[in-house]
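Both of the next two complexes hold chain A, though its partner changes from chain B to chain C.
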Partner chain A sequence: MTSVKKKYDASDFEMFFGPAHPGSGNFSVKVEMRGERVLKATADPGYLHRGFEKLMEYREPMQNSVLSDRVCVLEPLQWNLVHAEAVDDLMDYDVPERAKYIRVILAELSRIQSHFIWYAVLSLGTGFMTGFNVAMGYRDYILDVFNLITGGRVYPAGYICPGGVRKDLPENAEKKILAVLDKIEYMRKFASTENLAWLSRFKEVGILTKEEAIKYGATGPILRGSGFVTDVRREDPYEIYDLLEFDIPVHDEGDAYSRFRVGMEEIEESMKIITQALDRLPEGEVRTPTLKPIVQFRKANGETYIRNELSRGEGAFYMVATGEKTPYRVKIRGPSFSHMIPILERLLTGVNYADVPAIYWSLYQCPADVDR
Partner chain B sequence: MAAIEQEKTDLVEVLSSELDASITLKKERRMWVEIDSKKIVDVCLKALQLGFEHLSTISAVDWLEEGRFELVYHLWSYKYRTSLNIKTKIDRNKPSISSINSIWDTYAETCERECHELFGINFEGNSNLTPLFLEDWQGPPPFLKDFNWREYTLKEHYKEENPREQVYFEVKK
Partner chain C sequence: MKIGPVKEVFKNLFKKPMTVMFPEEVVEIPERNRGRHHLDIDNCISCGSCAKICPNRAIRMIEAPPDFKEKYPKTYPQVDLGKCCFCALCEDVCPKDALTLTTNVFLATFEKEDTYVNPIEV
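After this line comes the complex of A and B, so read on.
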C-alpha cells in the first residue's frame, strides 16, 4: 500500500503489483483499488529498456544476430530466427535446405521450453510449487540440447544467423533430441492433466472476447484462447512450415484457463513438428557460401517486414537498409507489447485483487520484449 | 488455394481503387502503399472495413537528410492472409499526424505513445502520450538520428566533475 487518496474514503487506495513482486518480472502495474476491487489498472513498463533498436543501428547484421537473443529470455532462438529472416530477405539469401530444418527444430524446441516456463510461473502464481519445480526441471533437458548444439544453455549467441546457422549439428544431436523428447513426454502429460488448483484459480477469470482480442492486437495463444483460429506458421509460412503437418489448438472460452490449455496443447504439436523435421532432415551445407557478411550487407537496399509465430504470439522485425554496413532502422514488434499494456489494463479493470496474479500470468508475459 | 490467389490479384486492384492509392505487391503476401499523411485515418478505416483487422505495429523512421519522418502502419488481414504496410511521411520540424485511436483503440494509442517518446512525433487526438520506457528523461527524443547517445552518456555520466559520478572518484580518508 503506497498511498491513501484523501479525496476518497479510506477504502480507496493505490498500490503496485510489481516490480518487486515475486514472479511479476521487471514490470509493474499500478492498481487503483476500492476495497478488494480494482477500479483502474495502469501498466508501467520500462524497467528493462535497453534500446536494442538503436543499438542495432550501430552494429553489423552478424553482431546484431547475437544481440537479438537478448530481446527475450523465454525464446532467444526464435528471436534469432526472426532477425536472421529479416536480413536474409534484404540480402536475397538462398538459405540451404538443411539449415531451414535445423532452424525449425531449434525454434520448436525453444517453444516447448518456453511453454514449460509459462507452466512454471503460472504454478508460482497459484502457489502450486511442485508444478514450478517439475516444469523447470524438465526444461533443463532441453537446455542441455541447446548447450550441445549452440554452445549456450539459454542464450545461443546468434546460432541462427543470416544465411543459415553457424554450425552443423554435432554427431549425436539427433539421437539426443529424440531422447529428450521421450523424457519430456512425462511433463507434457503432467501439464495436460486437469488440476484442481488450476480450475479454481483460472476458470472464468479474465475473459477476453474474440472481438476485443483482435482490436487490441492480441496474437498467439492469447488470441487462440479466445476462439480465433490463426497461426503465422500456417497463414504466412516461413522456412519449411508449409511442408509440415500440425494442428492449431483453439479454445473458445477466452478465460485464463483456456489460454493456458492452448499453450499446453501446443507442446504436443511442437513435438510432432520436431519428429517430422528430424525424419526428413536433408544432408548438405548449413550456411550460404558468401562474401564477408559486411560486404554483402552494403549491397542491401530496401525495407522488409518479417513476422514469425513465437511461443507467445506474433514477433516481427521491420528493417530498413540503405547500403551502409549497418541497418538504417530496426523496429522490433514483441507479442507482449499488446498483451501487457492495453489487454492487461482492460482485463484487470473491475476484477477482485486475488485474481490479478492469475490474469497477469495467463497473458504469458515477458517484460523484456515490451521494453526492448 | 487457386481461388485465394485469384482473390489476391483482385484485392490489389480493389484496394488501389478503394484507397485511391497505388498498391504494390512487392513479395508474396506483402503489399506496400504510400499515402498522404492527411488521409491516414480514412485509409486505415477503409482497410479495416476491407478485412485488415490486425494492427501489427507502427514504426517510425527518421530520414534526417530528407528532413522528414516516415511512419509505417503494418496491418494484417486474417481473411486474405496478406499484410498491408501503409507508409506516410511527415515534416521533421513539426511532426504531427492524426491519431488512429478511433480504429484500434488503446492498442493504437500505445504504439503511438512509443513513437512519441522515442521520436517526438505528436499524435493529434491521442490524449495519453505519457512516456512508456524512460523515466525522468530530460534530453531530446533518443531515437533521432542526430542524437548521439555515445557522446551524451560520456558527457552526462562518465566525467569526474559530474556530481552523479563523484562518488566513484572519492578517496576515503
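After this line comes the complex of A and C, so read on.
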C-alpha cells in the first residue's frame, strides 16, 4: 500500500485512496504525504469507463434511453430525463402535460434518494455507521415506489422516454408516494439534527471559496455551498419547473458542512415540488399518441444541447442527428467530472490525512459519471 | 442527559422490523416488475420486431423443436437471459402481446441452458 520514495525519507510516502477502498467507488486518488500532511493529491479516474458516448452512436433513441440509466447508478431517472429531453428537442415532440408532471415527480424522488445516499456515504466515511444504515433503509422506501411505477428498483430502463413516459402511473401510486413522503420527512429530520460528531468532522474542513468554485467549474450543491445562488431549474426552466414554487438553499461558508447542509435542505424543497406536482397532476395521455415504439432520427437534422439540474450539479447531453437511424454524435457532461478532478486535487492539498474522507465525500462524487 | 435517544430506543423496540424472514415471508412484487420472459407461442406472428429492438441482442429467432415443427413452422424468439438487461422494450414493441415479462425474479441457476427462455419448453 505504501512505497518508499527515492530519498528513502521515512516520513515521505505515497498512499492510494481507492479504488479498492470501501466506499470510495471506482475511483482512486494518489496522495503524496509527509507525515500526516498531504503534500499533493492526484486524481486517477478511468476505472469505470464504459464508453456510452460511442455506444450511443450505434443505437436508436429508445435503446439509448435504456442505456442512459447507466450513466450514473445513483440517479438513473434524472439521466433518463436529460436524454429524453434532448431527443424531444431534436425530433420536435410535444410532450403531453401529464407526462411532464410524472417526469418531474420521479426526477425529484430520484434527487431525494440520491441525497440519502450522500448522507449514507458521508456517515460511512466518518465511521458513523448508524447514519449509513438508517439512510440506506429509508432510501429503500423510495425504491419501492420506483419498483411500483417503473418496474425496476434502481434502473427504470428508460421509463422516461422520448415523447413522454412509457406507462401511466398505476392506480395506487399517488397514495403510495404521499405515504413515502412521510417517511422522507422523518429521515430529513434525522439528517438535519445538529450532531456534535458531524460538526467536529466537517466544520471548517475543505473550504472552497466562491471565486475558486466558479474558476474550477463547480455546479449544483457544491457551488451553492460556496454561496453562489444558481439552479438550472430556475435559470433555464425545463418541464414544469417554471410553474412550481421552491427555494434554492445556499450557504456561504464553503466548507464540507455547508455543502452537506445544502443537500439536506434540498430534500425539503424537493418534497415541496412533489406535493405541488401531485396536487396539480392533470388527466390525459402520457406519451405522444402518434409515436411508434421504434423511434429513429430519420427526419431529424441538427444539433442540441440540453442541460438539467441533477442532484450532483449540472448534467447535459449534446446530440447531433444527421437523418440516420442513430445519433451522429453524443456528448455527455457529467457534473462530477469537475468536482472530482480539479476541485478535489485543490482541496486535498495541505490537509491532514484524517480529513481526506470528509472532503472526498462532501464533494458528492459519482465515479460512474466522471468516466461515463 | 438528553431524553431524545431514550425515546427513540423505546419507539424502535415496538416497531416492525424493516426486513422480512426470506424463505417463509416474501416481499410483495409489483405487477410491473420486469422479470423472466414468457412467450405465448400461439399469438406470435414471427415478425422479429423483438429481436430488432433488443439493445443487447439477447433475442434470436429460432425454429421450433423437430416434434413441434409441423404445428409451428416459422421462427420464434429465444431470449438469452445472460445478455438481457430487462428493459421490456420487446414487450412494448410486440404487436400481438405474445412476449411478456413476468414477475418471476428468481433466476439464479447452475446450468447455462436454464438461462435461455425457449419458445417451447420441452
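The working rule: the second predicted complex is superposed on the first by the 364 of 372 C-alpha atoms of A that agree within 3 Å, B and C clash if a C-alpha of one lies under 4 Å from a C-alpha of the other, contacts with A are read in each partner's own complex, and residues count from 1 in each chain.
Quick note on the criterion: a contact is a pair of C-beta atoms (placed from the backbone, for glycine too) under 8 Å apart; a residue touches a chain by one contact, two chains touch by 3 or more.
Computed from a predicted structure; not experimentally measured.
Novice: Using the touch definition from the top, say if A:49 reaches chain B (first), chain C (second), both or neither.
Specialist: Touch status of A:49: first partner only.
Novice: State whether A:342 touches chain B only (first), chain C only (second), both chains, or neither.
Specialist: first
Novice: I'd like to know which partner A:166 touches here: chain B for first, chain C for second, both or neither.
Specialist: A:166 sits against chain C, while chain B stays out of touch.
Novice: So in the superposed three-chain picture, is A:236 touching just chain B, just chain C, both, or none of them (first/second/both/neither)?
Specialist: The answer is first: A:236 touches chain B but not chain C.
Novice: Just checking: does A:148 make contact with chain B only, chain C only, both, or neither of them? Give me first, second, both or neither.
Specialist: Second partner only.
Novice: Counting residues of chain A in contact, which comes out ahead: chain B or chain C?
Specialist: B
Novice: Give me the intersection of chain A's contacts with chain B and its contacts with chain C, in residue numbers.
Specialist: none
Novice: Which stretch or stretches of chain A touch chain C in the complex?
Specialist: Contact set of chain A toward chain C: 59-60, 62-63, 66-67, 137, 140, 147-152, 155, 157-158, 166-167, 170, 293-294.
Novice: Taking the touch rule as given, give the residues of chain A at its contact with chain B in the complex, in rising order.
Specialist: 45-46, 49, 51, 53-54, 89, 214-217, 219, 228, 230, 235-236, 305, 307, 314, 316, 318, 320, 328-329, 331, 333, 337-338, 341-342, 345-346, 371
Novice: Would you tell me which residues of chain B are touching chain A in their complex?
Specialist: Touch residues, chain B against chain A: 27, 29-30, 53-57, 59-62, 72, 74, 76, 78, 81, 83, 85, 104-107, 109-111, 131-135, 142-143, 149.
Novice: How about chain C: which of its residues touch chain A in the complex?
Specialist: 18, 29-34, 49, 52-53, 55, 85-89, 92-93, 101
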